[in-house]
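After this come two complexes, each holding chain A, first together with chain B and then together with chain C.
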Partner chain A sequence: MTINGIDLFDFLTAILATGLLRAVPLVLASLGDVFAQKAGLLNLGIEGMMLAGCFFGFYAAYHTESVPLGLLAGMAAGLALALLFAVLTVHLRVDQVLVGLAITIFAAGLTGYLFRDLFGGQNVSASVRPMTIRIPLLADIPIIGKALFDRQLLFYIAWLLVPIFAFVLNRTRFGLNVRAVGENPFAADAAGVNVIQVRYLAMSLAGIMAGFAGAFLAVADLKIFTIGMTVGQGFIALAITMIGGWSPWKIAFAAILFGMLNALGDSLQIIGVNVRTEFIGMFPYIGIMIAMIVLARRTSVPAALAVPYARGQR
Partner chain B sequence: MNERARMSSISILPIVSSVLAIVMAFVIGGIFLEANGKDALHAYRILFERGLVNGDGLTETFKKMAPMLIVSAGLLIALRASVWNIGIDGQFMVGALLAGVAGAAVAGSVPNPLMWLIAAVAGIIGGMLWAVIPALLMVKFNLNEIITTLMMNYVAVNVCAWLVKGPFRDSSVVAPQTKQIPLADRLPFIPGTEVHIGLIVGLLCVVVVAILFRSTVYGFCLDVVGRNRKAAIHAGLPVGRLAGSALILCGAFAGLAGANDVLGIQGLFKANWDPGYGFTAFALVYLARLNSLLLIPFAFFFSFLLVGGDSMPRRADVPTYFVGMLEGLMLICFAVAVYLERRWHAISERIRGRPDDRIEPESSSGPSALEGLEISS
Partner chain C sequence: MGHEIASPPAPLPVGRGEIERLTCLGDSRPHCHSERSEESLRGDEVTGMRERKEKHVSTNLGEVLHCEPLVSTWGTSVGTTDDMTDGTATTQERAMVQPIVSMREIDKRFGPVRANDKVSLTLYPGEIHAVLGENGAGKTTLMNILSGMYQPDGGTIELDGKPITIGSPSEALAHGIGTVYQHFTLVPNLSVIENVVLGTKTGFVLNLSKGEQRLKEVLTEFELNTDPNVEVRHLSIGQRQRVEIIKVLMRGTRVLLLDEPTSVLTPTEVEGLFRILRRLREEGVSVVIITHKLEEALDVSDRVTILRGGKNVGELGPDDIASAGRAGARQRIVETMFGGMPAAAETFQQHVATGKTLLELSGVSAIGDRGEIAIRELSIQLRAGEIYGIAGVDGNGQKELGEIIAGQRKTTTGRLALDGTDYTNAGVATLSRAGVGYITDDRLGEGVVPGMSVAQNAALKTINRSPFSKGFWLDRKAIEANANTLIEQFSVRTPSAQTKITLLSGGNIQKLMLARELAMDPRVIVCNKPTYGLDLKTAQFVLQTLRQEADSGKAVLLISSELDEILEISDRIGVIYNGEIVETFERAQVDIETVGRLMLSGRAAVAGSAA
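Our next item is the complex of A and B:
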């Protein structure tokens, strides 16, 4: 099928394939951030954690030529920053927005510094080969086959995490505690939930996932690091968590939507339509704002989001 | 301790903790440099020499102070009202672009002072335009301004690049940029120096903001909204309109800063020119404890950091990004300092055995002003 000489099938395949790939970092970071936000933590450090995941993941993968080690390094970097965030906001009860921005500023400086210092600012790529799995028969389905069933292992893992996170959040003790802490920490405390511990765990999970998201981007997807390469994707993930109403399923849907918006420019180029990249580049950011306007009234925010908790102080 | 000594110790403490946070950040940064195999003392010497001692460097520092002062004066208004405008960068860029276009369009055909005025107004309009959108979204749809202002930054980067490569492009040069304002028509120097008069504009901005908060009803209302939004609603204040206006005013200042850099230094707007003052201004205003007059010394400090940092890669083999890292460390140390300060107050009150009933001086800031954060609902 062609319109104006453009093959619609090619376009659909391209936008589905790249869109789903671009959505992976968003969904990974958002899934972790659900737990942070549900536990009452507004993590503006997520951008920095993702960027740290990019750099340290890339650094490890570059030297070891191993994807798993790269991912582990990225997650560790995200976790380290998340613990810093938790100490300052949960323990010392300093304002979350201040601490989050501090961490993002710090991580942007740190990764820029290290990249310049260790790689001389040269664009080098890590020679890693992420394992790909082609699912027979299914991969031959037109349009969706190549986009869904002929991908690298991590791609499948990322999307499998959606039901797992939904299960943990909605059906396990830990998930229940997280939700209780975010709604009413005093009641949760009275019911015997260790508020501090739950917030630490939720934040750690968020940090690990943000680091994972960054490492996926830099190691498994692009195989390079560039300074400031996340260009707000961490913040987008944070917004997606809100837009998705703190539900992993809806978040996955929103992430795919914004992944496709991210991929729009590339997909148009693949089919030979030249649109100014600057023009298309602003779509995801405008999309986030529109989605927030449309959905703002329908979602209920965790009541204790961004509110520090101290026993006996209401 | 008598009453007077107690009051003075309270007003000094916030500054002390800011300074301590800065010192700690330098110490941690130094340890990091040493661990990374650099000569930290040498690097810091370069930083200070270039930014503070060296004549050219000092001139550069004073030049840099102009945008720092203007931007942070605006950010102070927003933060005092507990409005988190993280979109300074976008507002700055749009302001700079419009100022560049308007200034170059009328340069030569009107007297220079009028051209500067036109460019400044264009910059202010550009900055306001970029702040009006998140302000409306915040007031009408109750959307969290943190996210919207952040998103507007990325939109601005793309829109400005698109405009400067398209409609506003100066086709006589290869690089995508707006038409240049001739060197002779730029802002003049302050007599006896090589610093353009933008510095005076910056100082005026700070004075205006100081007067706004010290002696106007509007400033007082902003403070009430910032300190306790619920109380402000109960008192019948138009909270939405006040918060929105603080955001738009902040955008106006950011746009003016953009015009200042175009008229004083750049002479044009280039694609991808984003000095990224937003995060620096954030650190600056916080360390100045949301106190208007303290903005001046801290603006000087951060300008010197930026200027000194630029010479570190060449002369000390330390990438410029180190300064960004230091800023982050300062804010992290500042967060710890805020906590310690709170502990200090709690302990000293307990020793004295009476409730904390003092009136907060202007210089005190921090979480008390910031707990009213509300997310879209």
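Our next item is the complex of A and C:
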């Protein structure tokens, strides 16, 4: 069975494969963002952290031709911006929204400048070869086999992080501290939790994951850097965190959903549905808005989200 | 209370530092036990204490909570007095007992406000110590310093005779000082057990199931039959308070601070709390309770420290209380708290008002915040010159009723009329202009804007009118002059009109809110819990003011869960239950028991008494 000369099975496999791939940066950034938001930090700098992850990851990978080094550089860039965010908002108690937006704008400017300066604005590819793993037998299952079980190593790692993050959030002392700090920092402080430290750690994790997400995009997936290449994916990750009700499992589900919406748009073009690219490109964003309207009102935002904490103030 | 020889300690419940605590167990030195005057104790308690301390006998509560090390740590800590504690300690020797905590000359300022001015507090082992004082006396500030929330600007704190600094709440906990704050510090969407283990320093991975059984036992010990895995938000206020107490006790607390612990409790819950505090005292825990309820302080405490205006003004030890007797002690405390001025309740002249109906609600219904029906077909007629008291247990629609009259909540059925004119769902601004003054019970939430000054808050409701607004511009001078007038008229204690409102105590904020509403000269005044959290003097002032307003021809609706004050000043009383007024009485006809029954069980009580 074919549509416009394309095999239906191949078509479905392509949507699934692309969708899951598109979901990876979203789920990575979102997983980290859960910890930030649960700790009471509204990280609007996530877009900038992701973009910095893209650039510095790509830069390192371009010169070293190594995927792991590229990823490390991306994570370090995300971490650096996260620490900046933490110093300003947690320590100096500057408004989180302002700091977050400033970081995003700063990162856009910085990466654009450095890209023009270091690469002359020319699109070049990093010659890296991410390791792929084909899982025998499973990869032969029709439709889902190729989409799920014949992927690069990082793809598996990203999805394995979902249960790990869920475990850390719900079953560890650090996770408990994070959940308490974002809900009632006063209570956490009174119970002996170091609110400032927990917020620093949560923010660092969020920065590392945003950097990872960016580096995955630029190094492992596309192998190129273009100016502003994240095109709002950081903000989408932020929305996914909320849509997913701060639960890593639901977040994974939401990320896949939006990855699929994205992939569907691409695939429609491939099979020759005659719609403008830009129009199709709006799909996931409209989806986000609908999902926010339907779901976000029912979820309960961490009570201390975006509220700075200072002991002994009244 | 039965005392048994303690079996070898069972593993401690979830908590920190078990090992070092357990190592204290071998310590068999005799322990100091003469911290309280024996006159203040019943005989069996005295014997019980001796037995426990000499033979390491523990009550069940102690076993479950502390498994003895509590007493042992305490024993080692009073090592310097070892030689005198041979089981024959007398009242005279008590003077030599080392205090567990002594705070000396503590200073604390908030901006220009001196909340604590060289305040001292001495706490002995195994006593319940009440800190009394009117609003703004500095009680809570003092406690927040001991709990590590605030850093003092001056003074010293000694624990077991050694000077310490308490840099944070976790340091306080490490010193064995645990606090139950007035606004509870539980995380509502965490479970009971998660709240209890929060902040404890054990392994990275939580192992909740291990501690669950122990916690269940402790919960039962505290008469709490809740599942440790239930989220705290599902518990009642009284239950939450017990969880708070358990939480700090399980961290090895030997000094327990409680800030206004009874203000949110029902009388039965208060009794339960006091039962627990007495048992803890027998375990050797020192309890500080901060309160302005004099009777409760006398009921439960061995020693009373009185603060006034941020300063120490008196202390009554067990001997003083015993020799003065309860009535004498009460008299002395009242005199000290209010500077010799008797705070005796003024007798209000109540009467049956015959004025015209100023406010009429007929068949009004409304939906509450959680989507429930909060007010059902409620009708009230409020006449000029009367105070109509709404009595009821909290949460029976009182807040919603106040909000409807103020225009903050839409009604679904019925009609609201002012002086015969329909104002149903007219909105806040219209009703306010039509002469409704509303004093909310949520002072910081909706009564004032926390970030603004006293002056701005005082003008808030009429800021867009003359004289405060002149066209596009605000007249700062007029705003400040207005505030100064109100401050003087209502003797609001504030350094200046420019002071940030949150630096004022609750009582002074309440006075300012009252002043602001009355300045607008409303015809109908609605107050929800106007004396909540206020000391006797301020409360009397507020009630007196309301009475005067009614006598001058206004209509006052007093919503309160304090039956006493309703009976004190109302002309008519309506009992609200489940969103309905179940019965209305003229003051002269009120039978307190009937009102109480109606408050607790609504129409069922009526049916019951009719049958």
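The criterion applied here is as follows: the second predicted complex is superposed on the first by the 298 of 314 C-alpha atoms of A that agree within 3 Å, B and C clash if a C-alpha of one lies under 4 Å from a C-alpha of the other, contacts with A are read in each partner's own complex, and residues count from 1 in each chain.
Here is the rule we go by: contacts are C-beta pairs under 8 Å (C-beta built on N, C-alpha and C of every residue); 3 or more make two chains touch, one makes a residue touch a chain.
Keep in mind it's a predicted model, so treat the numbers as computed, not measured.
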For this session: In the overlay, answer first, second, both or neither for which of chain B and chain C A:Gly232 touches.
Result: first
For this session: Check the residue A:Pro142 against both partner chains and state whether it touches chain B (first), chain C (second), both, or neither.
Result: neither
Exercise. More residues of chain A in touch with chain C or with chain B?
Worked result: B
For this session: Applying the touch criterion given at the start, work out whether A:Gly109 contacts chain B, chain C, both or neither, answering first, second, both or neither.
Result: first
For this session: Check chain A for residues that touch chain B in one structure and chain C in the other, and list them.
Result: 300
Exercise. Residues of chain A touching chain C in their complex?
Worked result: 171-177, 179-180, 183-184, 186-194, 300, 303, 311-312, 314
Seminar exercise, completed: The residues of chain B that touch chain A in their complex are 36, 84, 86, 137, 141-144, 146-148, 150-155, 157-159, 161-162, 165-166, 279, 282-283, 286, 313, 318-329, 331-332, 334-336, 338-339, 366-367, 370-371, 373, 375-377
Exercise. Quick one: in the complex, what on chain A touches chain B?
Worked result: 42, 44, 84, 88, 92-99, 101-113, 116-117, 227, 231-232, 235-236, 238-239, 242, 276, 278-279, 281-282, 285-286, 288-289, 292-293, 296, 299-301, 305-308
Problem set entry | Interfacial residue positions of chain C with respect to chain A in the complex | 110, 144, 147, 149-151, 168-170, 173-174, 179, 181, 183-190, 194-195, 197-206, 247, 251, 502-503
